[in-house]
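This report concerns only the one structure given below.
Every chain is named by a letter (A, B, C, D, E and F) in the order it is written, and numbering of its residues begins at 1.
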Amino acid sequence: MVERVKTGIPGFDEIVNGGIPKRNVVLLSGGPGTGKSIFGTQYLWNGLQMGEPGVFVALEEHPVQVRINMRQFGWDVRPYEQQGVFAIVDAFTGGIGEAAKREKYVVRDPTDVGELIDVLKQAIRDVGALRVVIDSVSTLYLTKPAVARGVVLQLKRVLSGLGTTSILVSQVSVTERGFGGPGVEHAADGIVRLDLDEYNGELVRSIIVWKMRGTKHSMRRHPFEITDKGIIIHHDKVVRIKGGTAYIEGA
Amino acid sequence: MVERVKTGIPGFDEIVNGGIPKRNVVLLSGGPGTGKSIFGTQYLWNGLQMGEPGVFVALEEHPVQVRINMRQFGWDVRPYEQQGVFAIVDAFTGGIGEAAKREKYVVRDPTDVGELIDVLKQAIRDVGALRVVIDSVSTLYLTKPAVARGVVLQLKRVLSGLGTTSILVSQVSVTERGFGGPGVEHAADGIVRLDLDEYNGELVRSIIVWKMRGTKHSMRRHPFEITDKGIIIHHDKVVRIKGGTAYIEGA
Amino acid sequence: MVERVKTGIPGFDEIVNGGIPKRNVVLLSGGPGTGKSIFGTQYLWNGLQMGEPGVFVALEEHPVQVRINMRQFGWDVRPYEQQGVFAIVDAFTGGIGEAAKREKYVVRDPTDVGELIDVLKQAIRDVGALRVVIDSVSTLYLTKPAVARGVVLQLKRVLSGLGTTSILVSQVSVTERGFGGPGVEHAADGIVRLDLDEYNGELVRSIIVWKMRGTKHSMRRHPFEITDKGIIIHHDKVVRIKGGTAYIEGA
Amino acid sequence: MVERVKTGIPGFDEIVNGGIPKRNVVLLSGGPGTGKSIFGTQYLWNGLQMGEPGVFVALEEHPVQVRINMRQFGWDVRPYEQQGVFAIVDAFTGGIGEAAKREKYVVRDPTDVGELIDVLKQAIRDVGALRVVIDSVSTLYLTKPAVARGVVLQLKRVLSGLGTTSILVSQVSVTERGFGGPGVEHAADGIVRLDLDEYNGELVRSIIVWKMRGTKHSMRRHPFEITDKGIIIHHDKVVRIKGGTAYIEGA
Amino acid sequence: MVERVKTGIPGFDEIVNGGIPKRNVVLLSGGPGTGKSIFGTQYLWNGLQMGEPGVFVALEEHPVQVRINMRQFGWDVRPYEQQGVFAIVDAFTGGIGEAAKREKYVVRDPTDVGELIDVLKQAIRDVGALRVVIDSVSTLYLTKPAVARGVVLQLKRVLSGLGTTSILVSQVSVTERGFGGPGVEHAADGIVRLDLDEYNGELVRSIIVWKMRGTKHSMRRHPFEITDKGIIIHHDKVVRIKGGTAYIEGA
Amino acid sequence: MVERVKTGIPGFDEIVNGGIPKRNVVLLSGGPGTGKSIFGTQYLWNGLQMGEPGVFVALEEHPVQVRINMRQFGWDVRPYEQQGVFAIVDAFTGGIGEAAKREKYVVRDPTDVGELIDVLKQAIRDVGALRVVIDSVSTLYLTKPAVARGVVLQLKRVLSGLGTTSILVSQVSVTERGFGGPGVEHAADGIVRLDLDEYNGELVRSIIVWKMRGTKHSMRRHPFEITDKGIIIHHDKVVRIKGGTAYIEGA
């Protein structure tokens, strides 16, 4: 039987038949404002509550801001960092600035994927991480699409090889229907898409699991909310579109 | 509880649950003629009325013209400039011309983002600015899309770091559905879109908040007007499209 | 109160609330055959009838042909040229050919925007121009889209600075929905679009004002005709599309 | 009153209010198989019958083949060539081959627009041409779109300057809605589009006049046929599309 | 009266009014799996049965495979090759491999269009070919679209000049609506399109003649089948689409 | 009568009239998560059960992971590898890493198609392979589309020449309607497309055979499932779309 990692995100484990299969590398794809970073940090926080150490790789925000953003949902990671079961890899500041000097895991050159992987490996081993979130991988190949597949395969080898179950955040443009490009889509073990779409003057949030190696998963688009406790997915409801308007119906 | 900055723009604070969360950097995106510059200067003017100093970075218009445009809505900023609570950063003239010589904050080379940031920091500190509007950031990467994300992240670090709550105006083409490109969309803390669309022979103005870190916000598209007092948003009304015609309905 | 320039084009002043605000630089955008040159020359001719001198910059046609085209509508500009209240800037021939030698304002190198501006300034000053039409600005950046915004801003500074109220003709392709590119659209004070569209086997002419700084304007698409007296806009009628067919209805 | 050239093509003069205004340069645009070459040679043949000499510039076919193609419609131009009132400019063979040696007007280097214009001027003067057809101009800039506008303006100056009324054939791809590119569309005095479209399993031929300087013209899409006597346009009928099917109706 | 070549393909001669006009060069365009190679070889085989020699230029398949493919429809060309009335030009192997050594007409460098034409001319003369099929011309400019028109014109001159009636197979992508690019479409004397389209879960084969110089032709889309005897066209039936489903109806 | 290879995939042999014609090279095209790798390995596993040796070329996954993935469906290939009737060609690791050292067939430079073909030939001969799967060919030209056709033709020559019946997996993006590019689509003997599409909030899996040389095949789109025993195709059912919703109906 397949080993699974429970995300603890309300409704998500239900739609992937109990949790993400262990060692899977999942692409979490979505446009701006869809809740990708919240999903990723909620996954790590819930792991900490279940005794599973984790690592967050910050490529889009200052580590200080990451901690602030998490605290807004009541997720205070400082004690866990002090216990040595959680770590933030700073791949944002390049080590520049006062605050950066207090970070333990710093990637000096965020454009150097090799260095990033070295620091990440160290962090994973130090905390004994079982969960990793990289927010976002898109930054690593934003201006170099030709290297995207290579970067994702390299990360996958390390993350899966070290026994972690991980989420790679993939930023797509608001008008883009794909998941981050052909090289990336096929390399991942799983693909989860978060959407924010306008239907007749209303913005609607929904999630769909496109692919998840090693398990059955829901084949439906489910509505979700972002609350002050984090994301809540309505796995028993489905989003349907009729005549340009969205309807939330029982699944 | 989250600290907020009231925009004072009728109807807008209502749709972001009381105001923009402090230190947020908000992308204000829209096509030509949608009212972006009016929104930005109205935000600054209202700040002055509430005792909150501000800075306007002029990249699209001569500072003299900016003042004229504001005066057409009854917003005369000269007294506030003299009191040292408002400043215009001239990133338009390059210091060329008689009128430019009378400006206090001049960016000699408007294509040099480093210099722009230095002058901006000085102006923020001089007036003790709590609000900043950059009109527009698009100009900074119009012919160099690859640097867009870097420019926005640099600005964000400075603006948020100095404690201001700011608006970055993003110009999109009339036919473009996005907010200014993938690098820019994901870097901002908030995204507000102003639209001017033709439905069956009628032009309709509407506003939608796509994303606002740290607060709930309306998930609907609201109609707005440009009056001789500035923008008025009808937060209790929604724009819906049926059969190609737009209808304004109660929310 | 805002000063206005009356175009004298039947129906147009009505849809911009009395005329174009003084010193505005208006982009007049449209595909082939939409009547842009007629609109522009009619604006200048009407100015002459009201005692307002004008300048036409010819980038698409030989000045001789411009005069012939105007005469077909009964607009004979030669007497006004002789009185020194009207001028054509020849930015078409490069001074080559017998006819060109008889022109007073000749741009030797029509690809040199600097020279064009110098000649244009001279002409404006000589005739005391209050109205200027440049037909077309598109030619100035047809093969160099990256310079478009810079060219338009340069022209705007000169035209507005010298006190003229001007029209920049912008040629777009028949299949193009925009107004001439992002750099151009945002730089103009006003945008007027002329359209020629096929609906179910019928060609329909319409005009819409997308933006006009300093004034309210009609938010509707109005039908217009090209007659042997020039353009007539039906400001009291609207073009609506139902099921692929256009209907002209009372506004 | 405007001088006109009668095309003699059944139904066409009716839809341009009596004929093409003299000296106009008309872009005849259409996809493959739409009948552009037939239209052009029919225009020239009819001129010969009315005593108006003409020149055909062959860029797509061997001059020998042009004569064969015309003969299939009963239009034998050899006698007119011998009388010196008709000429074919061979811009196809480059003078290579036995047959080419018998041609009088040969462009040695068909990629050299300057040489083409020199040979064309000679031919126009020799036969005293009042009508010219260039089939096609697209070939002159097929791989160099940036020069398109310049080429068309150069031709226009010569053709109009020498007093001819001319047709420039513009080849567009079967999937292309435009007329041959922005530079070309705006430079022409007239635009006529020939279409061949599939509606629900039926191919339908239609013609529409998009623009014609100096005259009113039909604003409707008319059906036409290619018969063994050439093109016949049904100027009293209109093509309308309902639910994906084309209907031919009385105008 | 126009001389015609009977294709012998059931239903095809009917839709081109009796056969392809002699010396025409016909573009046979279609996506993958549409039956282009079958159509081409069936045309040649039927010629052999009527005593008309032919040449097949193999650019996509090994000549050995071409013979195998033909034999699957019962078309054994070996005896005709031995009688010297049929030839395959091997423009696939480059002369490499054992099997290639047994071929009589080999193009050493298949990327060299000049050599291909020399070998082709030799083959045409040797067998006295009246029919030629080149499968496919697309290969000749797959990575060099700028030379497409030149290649097709060169082939056309040779094929028509030597008195053959020929088919140029043009491969288009499954998603492409055109016939192989603007340069190619306009150069051909005829255009025949083979389609394989999905309508509501069913694949439907159809053929349409878009253009055929020198003859009238059906203006309708006809269904066809690929049987073990080759292609059969239902010239008395038409394919119509209603509400996304295809219907085969009497013409 | 055509020789066939039974895939053993429930429902598939039925839709290709009994099996894939021997020596065919079939393109198996689909987006991420459509089940391409499962289809390929199921084809090889079933061959082993029927006594037909096979080779899998691993370009997307580590050979170790390929074996793990197969075992999840109950397909344990290790005994077959030890008997010398199955082989995995490692074109993923480049021979780097401990696990790679235990692999027998390693391509040192996976970007070198020549080396890949040499190793592949060796593996085919060693095990006497009748079936080959290359997962995926897209990787071989991901950043070099111009070489795609050449690569596929080279592989085809080897695979067909050595008597194998093979599947080339082609990865397309989720938004792409084609099969992998024009060069690739036309080179294959067969094209099978696996689809995963969202209809009104539901993900639906379907398969369609677009082309299969040497045999009749179903012309319909059939639904399929991925179960813990592998793929099951419902060859007696069809997927139809009505009003944006998918319906599974009897064929």
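Following the convention adopted for this analysis, a contact is a pair of C-beta atoms (placed from the backbone, for glycine too) under 8 Å apart; a residue touches a chain by one contact, two chains touch by 3 or more.
Just so you know, these numbers come straight off a predicted model, no measurement behind them.
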| item | value |
| --- | --- |
| Chains contacting each of chain E and chain F, listed by label | none |
| Same or different contact residues where chain E meets its copy chain D, judged by the half mark | different |
| Inter-copy rotation, chain A to chain C, in degrees (Cα atoms; steps of 5) | 120 |
| Separation of chain A from chain E, taking each centre as the mean of its C-alpha atoms, in whole Å | 53 |
| Distance from the mean Cα position of chain F to that of chain A, given in whole angstrom | 31 |
| Centroid spacing, where centroids are CA-atom means, of chain A and chain D in whole angstrom | 61 |
| Shared-contact residues (touching 2 or more other chains) in chain D | none |
| Topology of the chain contact graph, where touching chains are joined (line, ring, star, complete, other) | ring |
| Successive chains along the ring, chain E then chain F then the rest | E, F, A, B, C, D |
| Residue ranges of chain D touching chain E (in the complex, touch as defined) | 31-33, 60, 62, 69, 72, 136, 138-139, 142-143, 171-176, 196, 198, 200-204, 244 |
| Residue ranges of chain B touching chain A (in the complex, touch as defined) | 2, 146, 149, 157, 177-179, 181-183, 185-188, 191, 208, 210-211, 213-214, 219-221, 238-241 |
